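Across the two complexes that follow, chain A remains constant while its partner is chain B and subsequently chain C.
After this line comes the complex of A and B, so read on.
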């Protein structure tokens, strides 16, 4: 009985979570006018023009239209350009941060050295501070390094982010010492242990980190706004900011395309992701 | 467990496939973006603006006509007896052209002569009565007879003069003579008939030469001044060049279409193409030897008005309340290739003929202006180029 209640409860919650995503996809297939009919009335309970009926949020388009997609994919090259800008920022960050974080996490989790836990705590401190706090020093450093208005201003801080180190350390801490000790007895060095034992076992953690980093950096707003003044270099996350009320249809289509890589990545790494998040103790 | 594993594997494969499709599509669209875009954009056709001189050209035909034509009328209104010349015949001064029937005049002369005779006869009677008065010694009769004789003498003199005058008039009105060397242009006289209202003979004055009149557009007429020499091509059997001197120019405000100039309507004072106010140009033929009148001549005019300017086709010029403008193509360079946009460029028109406009301001040499487009374009529209 309690299972049924739980199922219903979760079903309702899942439906609420899914509504925006579903609406984004369906609205992206509507004509601009139809979207206007849908959303101009939001905030009012009844539709005076339709004889005082309740506002009807349409889910299915009256007339299926790929016009919005045609516009952003063919007519306006801006979207695609920003899409690849995003990819060019996110891919190096993920590759770099997982590589750096895996090595650092291995050290923090499996190697013994003086001041290890204190150093890790210091590392965590940077993670605890929100981006806005470190914004000014960050800006000054980037400026002094002459990286303003270049992708490196975003990629380099991204690669050395503390989150990956923290998450992978938590994950690797759960790998029993028995494995590493057995390898050590067999004569394996630190590198062999890392590459042959820890890394394969940390796969779910790496997958989870990849998904989380992707979501984090695919959606970043502050960094590109501050460090990339050149509009032609800005990533897709800023595209929606350029869309005004008259082009909502384009906004929906852009949003649908915008979240596609994230959804695909999540679906692909779903099982690893859940395992990784569970084991590393990061939830929610 | 195995089943789960297989299901998970196939799910992953599906996701992989979809991801590949998604990114493949995006890559293809990115690479072909410019091409696809180009296909959906209006295509514009441009012409290059060039520095040069704007020539006003005109080609028209006209007819050679004598400069002076004299209409010779029947002097007395008598019947025509003989016409002695033919149309087109060259005549010299004093030559008789038409002879008239003078029988009426003859009659009048005979009457006058018989009246004179009567007067002379009555004179004899008066002399006789005078002699009688003298022999009678009648003074008063003698005086009155003398007065009568004197009166009769005056009458006779009068009558003689009248006869003389009539004789002279008859000699003069009997025939029509050429007042100068010339060519008979038209004959109105018909033998056996009196005056028909039209002049009996139309005679052209060979000394005054020939002229050509034609309507030319005023824009070109402005570039001509009196005394200018223009070349005329004689068409027809005898093809040779004539020279014409601009003798007179009279603006023809009623504005028939001059020559081959197309339409245009009544755009009085309009600048540029279309405004067709024309001018009647009179050219005096410099050496009219061998001309008879009626020959067709062709005039080819080409005149430059202003100094060198930027020349563009008339099709590229647009006008609205803000003045004249052209659409130029602006190139915007982007990381994914160049984009072309239509830009409205105001210009100042210096001069124009039927095909070309000379621009004094707003354009530079070698600039591309839009002449035509597959769809109507306005300022700021992206186009294919």
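After this line comes the complex of A and C, so read on.
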């Protein structure tokens, strides 16, 4: 296969991958009326025998319009509040988990202590468990701590999630011992080594972790449907699930705005992200 | 001692929010009532295994993971092999394949819905080709739709892991093989796949974690009670929670954890054996 043919072939595949994302953005520029006309049949049971009534995904709007954006940003403040709810959950989780995990990962990767590998295995196993596995006891713990129906019920377990520890320890294990040994000879203590040597070198790992946590928690469904019964506190992910059915006319713009921070963050940190993910996957 | 200072914040939170709750859950699964129930042995498990909705959910979860993880690995490995060849715009193409990973499910689910609906675009195409329409989300096909969504989202992540693995294989191995007259396929099987094995273990773990996350896709597409075929263990546990059937829920959770632990232990053992053989 020549270089050109392969490029074209992969280009077509890449384009197909991007279709859902591109369609969300183009459809967000339609007027609500046009969305209604186009997609009204979705979710309705029509008689197959009646024949050919279908909904076609429309690529380009008939009229470019910012009506949907106007609606959700200006006329219906609910969207902005839920956007804020999402951010208020996600930002503390990312900041907290990154900090807590960096400390623990340093201990796992560079210090020696009794039972280290067994403990790390415990973290690894926990990381694999779906949220529902500890649903009941978690509910009891959250209830006991008096956190029910507050953001803390989601933020605190999020901060102590095992994924960050795992990812950063994988990454830090690649930092050569020569660096830390040299610092030790110069009389640096563990804290100095951690703060001055390990952390700066772990930047790609931290960037990758930030993106992955952002993706995961910006997306969360499992925790808020249990811990946040109060609709005014729910994050945007749940609001969109509702919008899909009740107010499709503004759904595309809401979706587009919802994914924009993620996409921008990823494009900004892409090279770090890829390096971080790749090093975490190679045995250190 | 020093290590403990670095570990302490993580360890305390990890114990409070994960280890202690899990131990409580295991305990609950052997009692007859939440908080202060008496010990009933394996009764909850017997009841659980007799429940048809649990069996259905467990079978679906197993089927989904068993189907989607190998498919994802095959697809992302092929993609990585192709992207590792001489190519124009490699970085741009790579970005396009990773992008679905960062797009939140909730913001894309409407497009999938319009595509797979009874009156949707996919059925429109079938109609054009003179075929009967299929109710993609309300039939056994719904699992297929989920598999596609899972592949779409996760192919990029595995691809970059494989790319790293591929780039760590020394080029002279291939040269030596070529001099000795080994064909493309032999090189793939005896060099590429062998040296990718450590990466493969990691990819399998990550893929399984992510396969449990399709609960989100299912929930957003179909709500609390989706079509039978995509009713997963996570739905079962959620619904047991809301119907306050805590004993069944904790028993199901313990069982699921047991299976995951067994599987991961096996995987890690296989990895160790592989590494010993290589040295």
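Here is the rule we go by: the second predicted complex is superposed on the first by the 248 of 284 C-alpha atoms of A that agree within 3 Å, B and C clash if a C-alpha of one lies under 4 Å from a C-alpha of the other, contacts with A are read in each partner's own complex, and residues count from 1 in each chain.
The definition used in the following text is that a residue touches a chain if its C-beta (ideal position, glycine included) is under 8 Å from a C-beta of that chain, and two chains touch if they have at least 3 such contacts.
All values derive from a computational prediction rather than experimental measurement.
With both structures placed on the common chain, the touch criterion links A:73 to chain B but leaves chain C unconnected. By the touch criterion defined above, A:106 reaches chain C but does not reach chain B. Using the contact criterion defined above for the overlaid structures, shared-chain residue A:150 touches neither chain B nor chain C, since it reaches no partner. Of the two partner chains, chain B is the only one touched by A:268; chain C is not.
Once the two structures are overlaid, the count of chain A residues touched is higher for C than for its counterpart among chain B and chain C. Once the two complexes are laid over each other on the shared chain, residue contacts for A:134 go to chain C alone; chain B is not touched. In the superposed model, A:26 makes contact with neither chain B nor chain C. Comparing the two complexes, residues 267 of chain A contact chain B in one case and chain C in the other. Interface of chain A with chain B (complex): residues 73-75, 77, 80-81, 83-84, 232, 260-261, 264, 267-268, 271. The touching residues of chain C, when paired with chain A in their complex, are 2-4, 6-7, 9-11, 13-14, 16-25, 28, 34-35, 79, 82-83, 85-89, 92-115, 117-121, 123-124, 127, 132-133, 152, 155, 157, 160-161, 163-165, 168, 198-199, 202-203, 205-206, 208-209, 212-213, 215-216, 219-220, 233-234, 237-238, 241, 246, 249-250, 253, 256-257, 260-261, 264, 268.
For chain A in complex with chain C, the touching residues are 1, 3-4, 6-7, 9-11, 13-15, 17-18, 20-21, 23-24, 27, 39, 41-46, 48, 52-57, 100-101, 103-104, 106-108, 111-113, 116, 121-141, 156-157, 159-160, 162, 165, 190, 194, 211, 215, 218-219, 221-222, 225-226, 236-238, 240-241, 244, 248, 251-252, 254-256, 258-259, 262-263, 265-267, 270, 274, 277-279, 281-283.
Residue ranges on chain B touching chain A, taken from their complex, read 8, 11-12, 15-16, 18-19, 22, 26, 29-30, 33-34, 36-37, 40, 334-337.
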